[in-house]
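Structures follow.
Presented sequentially are two complexes of chain A, the first with chain B as partner and the second with chain C.
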Partner chain A sequence: MATLTLTLLSGAVENETADFALRLAQSALDQGHRINLFLLGNASYLANQEVPFQGDKGLTPELAAYMDSFRLTGRIEDLAKAGAVIHTCHTTEYARGVEGCPYLAGVSRGNVGVSWTKFLMTSDLALTLG
Partner chain B sequence: MINHLAIVIRHPWGNERAVLGLRTALAAQTGGFEASLVLLGEGVWNLTGARPAYLDKLFASFLENEGGLFCLESDLERRGLTAGELTLRPQTMDPDDLGELMAQADSINLF
Partner chain C sequence: MLFLLGDTNLDPLKESLVLAGEDDKEVLLISDAVHLGRAAGLAELKALGLETVYAEKKAVQDRGLTLPGGCKVLDMAEVLELMFDHQKIVNA
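What follows is the complex of A and B.
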């Protein structure tokens, strides 16, 4: 069993990296490895609970389905339930004006100087995906 | 176990990725890891001109603690940059040297 630290830089929609990172993390957990996931930069958006829009979405069903395919909040929570340790960088949250928004279950407030380096100290492998 | 991290920055400081790379390099160094910071491609623009005071402080702290700052000579040449124009002093290397540095690192992190 190995411990892998994934540092994710991308958010949910800008590219497919976040999707890949979560699939990689899930595969590693399925294989019995330990996962640390650090959400940095735009990935820090993935730390927060969604705020459902109550009005008319103004989207066709096809467009809504396409956009929904990028939503990752459920998978983040599933990873945490499966044992992944997930921290986010509060500084990059601060820069985006979302520090203080409620976190998803299993996500903790963190920072590069402490959380990320602690992840590294216990890791066999560290990857940065952006 | 990870002892030596290579942090590779491929963007100028106007791109957040550059700042995140610099912050992680300094955090790794402060955390007791050996950290090598490589400014690759467009990343060499971080070596020129004025930078925000916060970034100057991060670079200074990293270098004062014997952090390795590297770039490819060819990346400077392609951009017409000469040593006299640089406001930071990296160790320049050729691609083979960079390959050796990457081979020595336990973790390579691209920003």
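What follows is the complex of A and C.
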């Protein structure tokens, strides 16, 4: 069993990197490895609970379904349930005005100096994806 | 050394290849970069000295691509194995 730390820089939708990172993490967990996931920069948006919009979405059902396919919150929570350790960078959250928003289950407030450093120092492999 | 490429812009890859020194150079194509697994892109990558070219399976399938034999298509379990084998991975 090895420990893999993934540092993710991208959020949902902006590219496919977050999707790739989460699939890689899930595959590692499936094979019995340990996963640390550090959500840095725009990836810190993935840490928060969704806030459902109550008004008229202004989307066709088809478009809404397509856009829903980009949402990653459920997969983040699934990774945490499966044992992934997931921390954010609170400084990049602060810069985006989302520090203090409720986290998804299994996501913890973190930082570069302590949590990320611990991740890196206890990893067999560390990979940054952005 | 394994290079990771997420789009079809080769400039960052060209600049980072020097990091491999005399080591063997391989590249894993993900996301839009899998288009480089087609014949023309493959020729460019080989010309840059990349001995082995891999492409991530889901990205290939999502784009409906059929890649030539010179590009090895890997599922995620194989991608993970490749990463652990290499240890040094440069995200270009």
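One rule holds in what follows: the second predicted complex is superposed on the first by the 130 of 130 C-alpha atoms of A that agree within 3 Å, B and C clash if a C-alpha of one lies under 4 Å from a C-alpha of the other, contacts with A are read in each partner's own complex, and residues count from 1 in each chain.
What we mean here is this: a contact is a pair of C-beta atoms (placed from the backbone, for glycine too) under 8 Å apart; a residue touches a chain by one contact, two chains touch by 3 or more.
No experiment lies behind these values; they were computed from the predicted model shown.
When the shared chain is aligned, chain B comes close enough to touch A:40, but chain C does not.
When the two structures are aligned on the shared chain, A:88 is found in touch with neither chain B nor chain C. Of the two partner chains placed around the shared chain by superposition, chain B is the only one that A:120 touches, whereas chain C remains out of contact. With both structures placed on the common chain, the touch criterion links A:48 to neither chain B nor chain C.
In the superposed model, A:112 lies in contact with chain B only, and not with chain C.
Legend: residue contacts after superposition of the two complexes on their common chain; A:128 is shown touching both chain B and chain C. When both complexes are aligned on chain A by C-alpha atoms, chain A residues 124-125, 127-128, 130 touch chain B in the first and chain C in the second. Listed in rising order, the residues of chain C touching chain A in the complex are 4, 6, 30-32, 56, 58-59, 76-77, 79-80, 83-84, 87, 89, 91. Residues of chain A touching chain C in their complex: 2, 4, 15-17, 20, 23-24, 26-28, 30-31, 33, 124-125, 127-130.
In the complex of the two chains, the chain A residues touching chain B come out as 7, 9, 40-41, 91-92, 95, 112-113, 116-118, 120-121, 123-128, 130.
Within the complex, the chain B residues that touch chain A are 1-2, 5, 16-17, 20, 23-24, 27-28, 30-33, 106-107, 109-111.
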